[in-house]
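Multiple structures are listed underneath, in structure tokens.
Below, chain A partners chain B and then partners chain C, in two separate complexes.
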Partner chain A sequence: MTSAPTHTRGQPRPGGGFSSWLDRNIRWVFPLPTLIVLFALTILPLVFNLILSTQERSVSDALPSSFVGLGNFTQAFSDPRFWNATWLMMKFTLIAVPAQMLLGLGLAVLLNRHMRAQGLVRAAVLLPMISTPVAVALIWALMMDPNLGVLNYFLQTLGLERSLWLADPALVIPALALVDVWQWTPLVALILLAGLQTMPDDPFEAARIDGASSWQAFRYITWPLLQPALFAALTIRLIDALKTFDIIEVMTQGGPGSASETLNVYAYHTGFEFLRVGYTAALLTLLLVVVAAVAIGVNLLRRRV
Partner chain B sequence: MKARASARSSLVPNLLLLLAIVVLLFPFVWMIMMSLKSQVQNTAAVPVWVFTPTWENYRNVIERNNFLQYTKNSMIVALAATMIGMVLGLPAAYSIARFKQRGLSLWILISRIIPYITFLLPLFLLFTRLRLVGSFTALIVSHLIITLPLIVWITIAFFEDIPTDLEEAALVDGSSRAGAFVRIILPLVTPGVVTAGILAMIFSWNQFLFSLILGGPNTKTVPVAVFNFLSYGSQDYGAIAAAAVLITLPIILLSLTVQKYIVKGLTAGGVKG
Partner chain C sequence: MRNLTVLFTLTGLLATAPAQAQTVNWDAYKGTTLRVLLNQHPWTTAVQPYFPEFEKLTGIKLAVETYPEAQFRQKVLVELSTGGQNLDAFMLSPGQEGLLYARSGWVEDMKPYTVNKTLTAGNWGFSDFYPSVVRSTEYNGIMTGIPIQTETPMLFYRKDLLAKYKIAVPKTLTQLEAAAKALNGKDGVAGIALRGKGASATSQFSPYMFSYGSSWLTRDGQANFTDPKFIQAMNMYTGLLRNYGPPAAVTMSWPEVTNLFAQGKVAMFTDASLFRSIVDDPKSSTVAGKVGYAPFPAGPAGRKPYVTTWALSISKGSKNKQAAWLFTQWATNRENQLRVLLQDVPAVRRSVWNDPTFKKQETSPEWTQAHLSQLASANPLWNPPVSQVGEVRDALGQAIVSILQGGNTADLLKRAEQTVNTIISKEK
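The block that comes next holds the complex of A and B.
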């Protein structure tokens, strides 16, 4: 890098040396600051986290840290709370994501029409996903209150049994998944709507002339053309559902007992309540492996289809 | 694909859509109603639907809980993280769009896939060592993990839409590339910049985990303040609802201003806090 931009090399340009130097090197000068910052904020911490996962150490520097190799990992594999947390993370994802994909597809089809009150519809669809997760968690916790919550009032009005919602160990994960479905079905719908709106008209015209039913048109034209959007939505939602933290921590803090303690929440508790840094780093590494495996898996599936 | 539905056949879809909208909006309506009811009305066995609104809950939250201070903290962090994200990210996004550089996408992907808490644990240890935990610096730097990839990701699409002739004309007229970027290109992507900026601010505002761990008494952000207020065993339902309304209100107002572009931004980035 030339530090004194006083003399120019090559063909001179108005604006002087630094300006022409910048012109020639703009291709990497422009992205460089972002690369450096993202490297420092993502890659370095990631490497540091891997190193931490091989250590037995506490947040406090007063206690000595020691190298334990894969000890934290073998400890995790024999930790029932780790397996419980992994299972709950999967359960939450397997309930929430298929439901929001299905409902999102339905909502996208409903939205893919000319209609009045576009503004209201758009606002209604946007609000859940831009809302602060903590606020979402608070309001749903109030609505799911076993005694005073309005959801139990609705259940009763419909002639159904009242539910304990978050207080019931068997129901807490489905209840939390319901909040996730409410918040993120709109995103799935928007991604699929974008896919629907960029579809060409010709195949549908041809199908209509050939006398295809609307189900056949959907099954043989819309569905295949919608695959890229479906996989984009599925990837985003799978990754994010596995990582869900705010909603769960605010609504249940992993409880009752450890009935909603997903891996993310368990790692948070071991790390920032019990300050077991090395073990937490190992848990996070395992979480990362799962998320990465799912992301790669969905992409392999996309290529197959 | 254009919709071609006759008035009669659209009755069922319209009803279904109406149902979906009611379900999506009900929690907000209920939250606002609870925030305007008295404690007695909020704890009634049968929900009270008609009532005289009271501002008592808002007064309680704002006066008793230092809410305005926390709002100010949140705004400082969101604004700073967004501004720095813009200064760093816009040239990067332009470069990626213009020179087809895909190297950066790798990092954006990484920041998208990896659970935030994985970055947070090392950052927490580092900031502890540097005695920065509780400072605005720690919060703003950590929030760059959210704002910077989001801004780059969203604006790439907008930069790609700008025809190259315009800047080439400027270069022929003797402008430098950086000059053309600032004077010609940036003004043309204003909608993209505004969309990215507002989404970055929203996601920074919504961020809970970084602020929870790295914030201190003087830098506490609104989501954390409200969480603490709740976990101290508050049974004051109206106040909780009022707090939820007060967190949500600024981002609703903000998002309404870019409503036209926000769908493009959200689906391009597909990023959540």
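The block that comes next holds the complex of A and C.
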């Protein structure tokens, strides 16, 4: 071939030096800033955390530090408080997330109907979600106060027993889950509402002509079409619920005793109160494994459905 | 008119000049900016409005950050453990962090500063500080800070309720128990409130422990929780709370205890003297004016209060240590100590308690009396003397919660003792 190559878009200009290099590698150059930031803020800390988890280390050099290999992990597996924390994390998630999904679905179906003052109603429903979690937690803690709180006042007015709420070791996790449900149901509703609104009209029209009841239309058209949105909401909420920190730390600090000390809260205590950063790194690595496993599990389930 | 002002100013300068010129050059660090971390504490509220006076006097700029206590402690810890170069002065609670910070080499030893003739004004008067309070800042041979306020434990009670039911102010723990029993349920109040929330309860348990003649550690530095006197003290503390306390005691630290008292839901509580500023303030309390104060009741081993202190400290990594000392010196002078005392924050200087301004506005001589009478004999170990204070308090706190929930005191304390001994063995 002796003829000069015809120049087309995307091909390097002859003799262009840097600009031709740029042209050839543009798919790497554009995402580079993002990759650098991700590396610095996610990969590096993760690697550092893994290194730290193999050491017995305190924040102070006055306390001993040494390499312990997997020692922190074996210690965690024989630490009753670790198992307690893992169980409480699961318990919290298993109460909060299904309730959010159910209520969120109901709310989305309701909001999808045509009604008066639609915008206002939707905005009002979304309010809990946009409030600051710490503020939400403080207000709920005040309402649940067994001596001065308004919830016990309501219970008494209804002729029911006063409750200890957060002071009752058996009730503290459900009570915290209640706050989580109050705050995050709107998020589920919002995602599902978006799913509902993007549905095509034709299958519903066809169903109506064929004489399907509204339950049948929901069961055989809405439900299958809503699967992607449902799984998206489920994944987000599962991950978030497993690593809930703010409302628990604000409302109970893991108490009474360690009755609401989930894994994330326990790790915070071992790190910032007991100053054992090596052990904390190991606990957080285990938390990461659990969260990743759940996320992957949900994803696999979704492919099967 | 202007001339007259100048004349007055000049005379004023002449009158004070000799005393200061001999000692300290206040504007030697003009232009420096000091980064100061403070706890959101009544002391801070009382003194912070006057910081511009210091900036004017010295030409030093103060960059002050205040945080609620838990975040504050964490922030200081993180900054000091990473070198503390950007931190100059900060509040320190020596009984909590003193040993760890001193052993880690994170704080300046304040002793040399207090005797430095070029940096310290002759009229600052360190001898004016209560010796027991100064001693409570010393760990590992280092004076970790200059005290700014101090607390002793006290019995707070409702004068109206005790009068109504003809109950004498308890002088011993036995009388305290009897009074709590007699008052419990009367007029819708609980007999007594104490901290029951895990780790936070341990510090307020300490005077009960001292008063029963026990201590945190044995002579050879092991946890002393199975000492029969320790168990008796724990039974007294948790028994008061279980039998005559409010529901949900296991979630109550000082904000909950003082709030409940301020809302008129409890007849008595024992906690730090500082909390007068909450429960006797008409703005925050419905029982203001009805609050009585008494020294901490005596136990079988006598009257054994603790003393806690907040101090101002200087970061070892600070690049402005001398300027930070000027700030510390100014903040702890007589004038500022009087200012905090006038806001019901217990001052650390003897002289201000006798100041005519304080005498004139003093509304509760019994509070003053109760606090001051306890200072001389007070024990600074309101926490176990270990570096891992947080972890040890947590271990004992877990036991306290379980006891309050009905567990066996001796068994739970034995388990806590083992946990604590493991922690201590790692420190050596």
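The rule we apply is simple: the second predicted complex is superposed on the first by the 269 of 305 C-alpha atoms of A that agree within 3 Å, B and C clash if a C-alpha of one lies under 4 Å from a C-alpha of the other, contacts with A are read in each partner's own complex, and residues count from 1 in each chain.
To be clear about the criterion, a contact is a pair of C-beta atoms (placed from the backbone, for glycine too) under 8 Å apart; a residue touches a chain by one contact, two chains touch by 3 or more.
Everything quoted here is computed from the prediction, not taken from an experiment.
Asks: Which holds for A:L288: it touches chain B only (first), chain C only (second), both, or neither?
Replies: A:L288 sits against chain B, while chain C stays out of touch.
Asks: For A:G257, decide between first (touching chain B), second (touching chain C), both and neither.
Replies: Touch partner of A:G257: chain C, not chain B.
Asks: Have a look at where A:G104 lands relative to chain B and chain C in the superposition and call it first, second, both or neither.
Replies: Touch partners of A:G104: none, neither chain B nor chain C.
Asks: Quick check on the superposed pair: does A:L148 touch chain B, chain C, both, or neither? Answer first, second, both or neither.
Replies: both
Asks: Counting only touches as set out at the top, which of chain B and chain C does A:A167 meet: first, second, both, neither?
Replies: Second partner only, chain C.
Asks: Under the stated touch criterion, which partner chain does A:L190 make contact with: chain B (first), chain C (second), both, or neither?
Replies: Touch partner of A:L190: chain B, not chain C.
Asks: Could you say whether A:I43 touches chain B, chain C, both of them, or neither, answering first, second, both or neither?
Replies: In the superposed model, A:I43 contacts chain B only, not chain C.
Asks: Looking at chain A, which partner touches more of its residues: chain C or chain B?
Replies: B
Asks: With both complexes superposed on chain A, which partner does A:F272 reach: first (chain B), second (chain C), both or neither?
Replies: both
Asks: Report, in rising order, the residues of chain A that make contact with chain B in one complex and with chain C in the other.
Replies: Chain A residues touching both partners: 59, 61, 148, 272.
Asks: Can you tell me which positions in chain A touch chain B when the two form their complex?
Replies: Residues of chain A touching chain B: 13-15, 19-20, 22-23, 26-28, 30-31, 33-35, 37-39, 41-46, 48-49, 52, 59, 61, 106-107, 109-115, 119-136, 138-140, 142-143, 148, 150, 153, 182, 184, 186-187, 190-191, 194, 196-197, 199-201, 204, 222, 232, 236, 239-240, 242-243, 245-246, 249-250, 253, 264, 267-268, 271-272, 277, 280-281, 284-285, 287-288, 291-292, 295.
Asks: Flag every residue of chain B that touches chain A in the complex, lowest number first.
Replies: 1-3, 5, 10, 13-14, 16-17, 20-21, 23-25, 27-28, 30-31, 34, 42-47, 88-89, 91-92, 94-96, 99, 101, 103-104, 107-108, 110-126, 128-129, 141-142, 144-145, 148-149, 152, 174, 176-179, 181, 202, 205-206, 208-209, 213, 222-223, 226-227, 230-231, 237, 240-241, 243-245, 247-248, 251-252, 255-256, 259, 262-263, 266-267, 270, 272-273
Asks: So in the complex, the part of chain C that touches chain A is made up of which residues?
Replies: Result: residues 74, 77-78, 81, 100, 103-106, 197-199, 246-251, 259-260, 263, 265, 387-388, 390-391, 394, 398, 401-402, 405, 426-427 of chain C touch chain A.
Asks: Going by the contact rule set out above, which residues of chain A touch chain C in the complex?
Replies: 59-64, 145-148, 162, 164-167, 169, 252, 255-258, 269, 272-276
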